[in-house]
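Chain naming follows the written order as A, B, C, D, E and F, and within any one chain the residues start at number 1.
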Amino acid sequence: MNDKVVCFGELMMRLSTSNFQKIQQSQSFAVNYGGAEANVAVSLAQFGENVAFATRLPQNELGDTAIMQLKSNNVDTSFITRGGKRLGMYLLEVGTMHRGTKVIYDRDDSGFATLAPGMINWKEVFKNATWFHWSGISPAVSEASAEVTLEAVKAAKEAGVMVSCDLNYRGKLWKYGKTPIDVMPQLMEYTDMVLGGKSDAALMLGVKFQEGDSFDSAPKRIKEQYPHLKLVATSLRESFSASHNRLTGVLFNGENEYRSVAFDMPNMVDRVGGGDAFMAGLIYGFLNFDLDYQQTIEFAAAASCIKHTIPGDANLSSVEEVKSIMTGADAGLVAR
Amino acid sequence: MNDKVVCFGELMMRLSTSNFQKIQQSQSFAVNYGGAEANVAVSLAQFGENVAFATRLPQNELGDTAIMQLKSNNVDTSFITRGGKRLGMYLLEVGTMHRGTKVIYDRDDSGFATLAPGMINWKEVFKNATWFHWSGISPAVSEASAEVTLEAVKAAKEAGVMVSCDLNYRGKLWKYGKTPIDVMPQLMEYTDMVLGGKSDAALMLGVKFQEGDSFDSAPKRIKEQYPHLKLVATSLRESFSASHNRLTGVLFNGENEYRSVAFDMPNMVDRVGGGDAFMAGLIYGFLNFDLDYQQTIEFAAAASCIKHTIPGDANLSSVEEVKSIMTGADAGLVAR
Amino acid sequence: MNDKVVCFGELMMRLSTSNFQKIQQSQSFAVNYGGAEANVAVSLAQFGENVAFATRLPQNELGDTAIMQLKSNNVDTSFITRGGKRLGMYLLEVGTMHRGTKVIYDRDDSGFATLAPGMINWKEVFKNATWFHWSGISPAVSEASAEVTLEAVKAAKEAGVMVSCDLNYRGKLWKYGKTPIDVMPQLMEYTDMVLGGKSDAALMLGVKFQEGDSFDSAPKRIKEQYPHLKLVATSLRESFSASHNRLTGVLFNGENEYRSVAFDMPNMVDRVGGGDAFMAGLIYGFLNFDLDYQQTIEFAAAASCIKHTIPGDANLSSVEEVKSIMTGADAGLVAR
Amino acid sequence: MNDKVVCFGELMMRLSTSNFQKIQQSQSFAVNYGGAEANVAVSLAQFGENVAFATRLPQNELGDTAIMQLKSNNVDTSFITRGGKRLGMYLLEVGTMHRGTKVIYDRDDSGFATLAPGMINWKEVFKNATWFHWSGISPAVSEASAEVTLEAVKAAKEAGVMVSCDLNYRGKLWKYGKTPIDVMPQLMEYTDMVLGGKSDAALMLGVKFQEGDSFDSAPKRIKEQYPHLKLVATSLRESFSASHNRLTGVLFNGENEYRSVAFDMPNMVDRVGGGDAFMAGLIYGFLNFDLDYQQTIEFAAAASCIKHTIPGDANLSSVEEVKSIMTGADAGLVAR
Amino acid sequence: MNDKVVCFGELMMRLSTSNFQKIQQSQSFAVNYGGAEANVAVSLAQFGENVAFATRLPQNELGDTAIMQLKSNNVDTSFITRGGKRLGMYLLEVGTMHRGTKVIYDRDDSGFATLAPGMINWKEVFKNATWFHWSGISPAVSEASAEVTLEAVKAAKEAGVMVSCDLNYRGKLWKYGKTPIDVMPQLMEYTDMVLGGKSDAALMLGVKFQEGDSFDSAPKRIKEQYPHLKLVATSLRESFSASHNRLTGVLFNGENEYRSVAFDMPNMVDRVGGGDAFMAGLIYGFLNFDLDYQQTIEFAAAASCIKHTIPGDANLSSVEEVKSIMTGADAGLVAR
Amino acid sequence: MNDKVVCFGELMMRLSTSNFQKIQQSQSFAVNYGGAEANVAVSLAQFGENVAFATRLPQNELGDTAIMQLKSNNVDTSFITRGGKRLGMYLLEVGTMHRGTKVIYDRDDSGFATLAPGMINWKEVFKNATWFHWSGISPAVSEASAEVTLEAVKAAKEAGVMVSCDLNYRGKLWKYGKTPIDVMPQLMEYTDMVLGGKSDAALMLGVKFQEGDSFDSAPKRIKEQYPHLKLVATSLRESFSASHNRLTGVLFNGENEYRSVAFDMPNMVDRVGGGDAFMAGLIYGFLNFDLDYQQTIEFAAAASCIKHTIPGDANLSSVEEVKSIMTGADAGLVAR
């Protein structure tokens, strides 16, 4: 566990409705601080990894609080640069059963969106680092943040660091004049490991699918079309309703496809960050399971499953809590 | 959407327990303001219809607050008359799984119960109106309110307005000396469209069923015995537990029976008002779907389904939110 | 209902997390006061029985509050002795789905753990009593409490009182140097009725099972090896997840095995005390159903089922509320 | 402390707004169960007295809960008769500073209001009793309750019990056709001790004041005009604002006037029940302080003062907690 | 009360900390919707005036909710135009005693800030209007909003409407390149009535003060230097701490200075909107008190005082509630 | 700000009642993690100092959470050793006005109380350290913790570190057989700076006072009798009630007495930790104000004042927030 993992991305304030109220009924909003890549960082830190998070946060109380949250979860915040006029935010109208959760984004002009190349000293960041994780959200936010993402992956490769990417297609972003296909393929060149589903692959990487390709074909098709990738994974999410999903992990290393059990989740508490918990589980597995890919994908899927029982964005579970589910030893009994 | 819909009925204060506490455990009660017909009005207003609600409310802060709630939801309150000594109330001990929800009514002597003929200027109310909705609760409250209901339906017919009724049998009411059968058939004469199930039909209208008649026989049997009715609907509710129901809409126009998909609802948030949301969906369909009865019954059932995900009495969903469920396009995904 | 039931055991303060937060996220804890035997007492009192609870509580506000809770639920607290330096407590990190509930015990050195023989006047306690209930937790807490438990069962037998025991194996207790097998068999000699599952039986009573013995074999095997017992019951709990269990009651009287329907519980509100509610249902049945064992086991299982819908440790339901479930008459409808 | 005190009056459900919201802003109401005479009973029970409360409560969950609250506070509820169709309630819109608290009563037709002579077996009630307390609210509620109040005081006198009355003028009651002056003087004939201020005295008892009579003249003027009274007290409340009052106790025994220090209360938490706490303090003093009237009035004023720091209707303080204030020993320090 | 008052300005979402937590401690924020001019509108509507509010709100759920709040308070929202990408927001870290409340603004690029001339049909807006109210915040937000403000006051004058302005200097705004002095004097030409203190006058209007001018000199000095103004008022706020202020109203009509009593407010619940409540009181007085300026300034000060007891931005009190304080009749007593 | 400050002491879980409920009324308790010395550490870290906290915490979720809280506040937790069976806790029944706050301690047998010499590597701890802070609570907890305290101060002196002590007399501790006078004088030998009042000095250090010595004589008398001390301070707290105190700082350096303004605190939010905030202010002043003792004592008193406005144990204010009060610049205005 002496590896150093670096995550990079935007951290936002999330406001959410409570008790399934509509926004128009709400007299208060629950507040959390998170983001896809920060969630990966927090989860890895809970697993005992040495993790640093790089981003840009405004110099105000909300920026301070976001940092406090990371620190409390043992994430190294020394590479966070301060500046920009606001913290991005989004509002969740939490649904259930047939009513889907609604998201209202309000993230323009955030400290992250107005990052510029040179603001983060990547050389310093990657000193002694083993792994770098970024996601497809960062180049979607603004032209500037896309440039900084490129700066980051190049520096990572230069430093000999393993690079992973969660494709994370966000249809409400990509508004600055470029499409994912303009940007992502170049970033892929500096990336070793990818997480994404069929539509992510098609929309972000231009991967072509054939008729009859099922959801779990993404890893193979991505690998075919981006052969330099060492590992490609997907988390298959069957969505029966806003509160009932089933989740299976699939991992392809170019030779074999590894597949977890399916986790049925009929009473999800909070599905935000479910994919990030999966990603953190994958990275943990790669760093700790000696290339046992079967164990890795099972750990990742179990990590994602347990995340869905925890309010907030991040998986706050320990390795042993995840393992107790992975091995099927835990059926929700009270230990006393 | 230039139709004017009028709803008439009692609006009460609802107190409910939280977090499945028993009444004896509760240190606070959640408060809502609603009633079967007011819930229909609110839902139709959310759908963009022009809706007025007629009732009688006491001249105190609770009456004021009930009006504020209607106004905030875009309901025209100018036909509400003020008076009477109290706002009717009821207390819900909210159950789950095998434990059913308990209701304690405390609605005697409310402003509505002490309405008298002549208090509401029905001529004024029905000016330019297209539709009038009442329910079988109003004649159940008191002799006076039964008389005013008759006054209303007569005035509606005189004004050439379409009239709908949700039978809504309430076993805890009808305590003033008359039975439903004494009162309802006469009211039916002025009514064009009815919503009700088998037991409603039997108890409120004296409809006879034959051995082997299933739950969905209500529309046909009602139409047989009240042939002047143009449309009869029922919402089939299979109740597996207090928190898990399945709902199907059935509509009969004298010729064909139209039937929605069945909506499974395994984690209901609030089932009060589920029938009212169905009723509002029917009325919306009749006013907007050009006699497409299949679309109408599907919309009504979807509206009822989504209501069960929203706390409080009323369906606060927009037409597009209902439609996204009706067409099966929404499986509870987070759109971002 | 003129029977007097006496329960004896430790009463603790329970702190629990809310809304499925992890302990590390919690800014407040819900507080309840309960314990396996006190929960039986409260439930029996709600059923209308005349119940007294004997224990030792510290002379402080927490001890006072625990007594107030019992009194409010109609339990006779006049045999509670005061003393010791603290109230035992435990903290629940409430799980859901695959995440099990965690318990942190902090109950050493409580008033109960430092009980000594002679502190409770058992002669007085059992005057006019019909039934005595204890559980396997009491001898697990401390050597002292084991001695007082023995003192109690002997006095009960001397007074001609029926004695029941819920085995309640607790792996985190039994730390004072003795194993259950050192202690429990002697206590069994003074006991007439036992509740327990397979692992309870093996670990607490040394009951031997044979290959192929299913979970419901416990009553028969216990009775075989402790033939003086008049009745042995078990509540079969299938645990699909932390929030979804299925429960069936089984009762063996040496001749016949009686079995309840299986209650499916897919959205449990609070599973603490589910076994205690079952125990109280059994005792109620023995005292009121004229040896109708089928009715007794059905009542016990229904009581346990309804407990899982109520927050807190104790079943606060009335006999009629339990019966409405037992007879299948209640499918969670709203009665209005 | 072997005296038995009996209190009689109406017990209601109180709903209150939280955090100084107006009713129109409130999504929940805090709930308490209390009433002037029940509050006296609860406070005396907290002081260790043997207290019974007589009233009539409806046979529903709210009536059950009211009884549970009394039991938890050690009040004997065995003389409570059940019946009537509802529990009286009132709603408090809690003010602060210049904004006074608003009360909306909704107490007509309660179980208490529809009491009838003979419903309570007063002979049984007063067996072994030492003291009977009633208030001017009971005869104000309905003709029936006035009759039962007379029945009660007569029975008390017959049983040789000391009788106290808190005049408690309520301008919103007395609506059944009689004025206080029609009713109260007769009730006074059976009463030994009275608590009331100037306006209470004038309006309830027809006491005449002279120009220049200050607020503290009430005890003397009442005693002049009702010379059979043994003791007359008043609690002088200077009301600077809804959250800042100052309180002084005055007691007159026909010879001397005893007066407490003035308690300044600049941040009152809940002023409902402040007078009832005072009344309970007086009764406690009479029963325990060997006619030391100075100590009695100081204890009563301190009890009232500490009540204003406790949410809910009743003074939940112990004798020693009151005494720590009375003697000036407690200046709000943290004892650790 | 047949006057029509129009208010114009920005309406924002306000998030606030609860229970005096710092932002870094907060797990939820209370949410309100308000703004200086909307608060005036809501208060006037509660006073029974006919009020319309003009603004621009984004086409999303937050914009919808803001409109619902206005409607529930009886404000005409038909002149609200929809558009722009976000609702402005601000976050309050609520202080007390020596700790002042902190504000974090996040209002750039709101629907209001990106208003353009022509978007609001002022001719339509001022049809039948009597009064127009704006504040110095609107021209401070953006160049565009300053232009629309000018458009509005010109149209108001053309329509023969009385115009009032609350100067409301906001040091954190005015960031678009112009200073208040560049903009406000021209706007004053179309304004008849002004509210503001010394520093507002100096910073917004360039009013010169002389040594020794006290805080209450603002009305006279403003009138001297802007002689066309008919009325100038100020609310003197002595700020002893974040929770204790004293407030006095001063009004100058060019001839006489009218002054209210001083209202001491030692336990303020929410001081946001205190000035807006004052402004609404002034307008109400002008429209209803027949030029009785003494009564007007007393009403305005009482309205502001009572606002400080109500959570949220707006004064939700009725005219009679304000009058009960103005006349000194209400000293915070409970009326029952 | 390159100094390293080390604090050592017990960190406990604090449970508190909310909204001034009595314990018997509480359905939940607010939870905080703190302790006198940890509070000093947190405050210094908020001031930007480099602070480490040494203690012993149990290896469970509560210990984990306590560490998370420290980390989020930027305190170095690398010298915290894990072990012992429980986290000490205490329960606050929060009072107001005349009702004082009650404390129920339950801290026996905590990880800290069962510390043993050698468990903490003090040499490592004091590497590069400038300041060591301990309090009189540590030697009061247990014989073991007293020994470790001595070990610590000796190691601190050896490392050439400045040592401060807050006397913090706790009457409910010192139960292990020694009195403060047996223990504290030896510890003083290794201490340079002391904070304490008259009774602390008398009870902990055996300092003799003369008749007529006022509360502010403590610093001088302590210095007289412990002449090696370089600095002695006291915070004079006038306690008018549980919610209204006045606080003045006094500092004596052997030559001059420095005294702050008196801070009046009429609406205290949370007075726990007020002294710890004062202590942190002193240390900050010594490290940053170049021996400007007047500025130091003013900063300490202002820090303590602002702490009383913040819920929880620790002063979460920044240096500039404290300074804004110290210089009188902040009178609770809203800055916008």
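Odds and ends about this structure:
By definition in this document, contacts are C-beta pairs under 8 Å (C-beta built on N, C-alpha and C of every residue); 3 or more make two chains touch, one makes a residue touch a chain.
Bear in mind the structure is a predicted one, so any value in this text is a computation, not a measurement.
Path length between chain C and chain F in the touching-chain graph (shortest route): 1.
Farthest from chain C in terms of Cα centroid separation is E.
Each chain gets a centre from the mean of its Cα atoms; the one farthest from the centre of chain F is B. At the interface between chain A and chain B, two copies of one sequence, fewer than half of the residue numbers in use appear on both sides, so the contact is built from largely different positions. Pairs D-F and B-D differ in how many C-beta pairs touch across them, and the larger number is found at D-F.
A separation of 45 Å divides the Cα centre of chain D from that of chain E. Taking each chain's centre as the average of its CA atoms, chain C and chain D sit 42 Å apart. Distance between chain B and chain F, defined via averaged C-alpha coordinates, is recorded as 62 Å. In chain C, the positions touching at least two other chains are 22, 24, 27, 68, 102, 266-267. Within the complex, the chain D residues that touch chain C are 68-69, 71-74. For chain D in complex with chain F, the touching residues are 72, 263, 265-269, 302, 305-306, 308-312, 316-317, 321, 324-325, 330-336.
Of all residues in chain F, only 19-22, 24-25, 90, 92, 95-103, 105, 170-172, 239-244, 266-267, 271-272 touch chain D in the complex they form. Chain F meets chain C in the complex at residues 15, 18, 22-24, 26-31, 60-62, 64-65, 68, 85-86, 91, 93, 102, 104, 106, 108-109.
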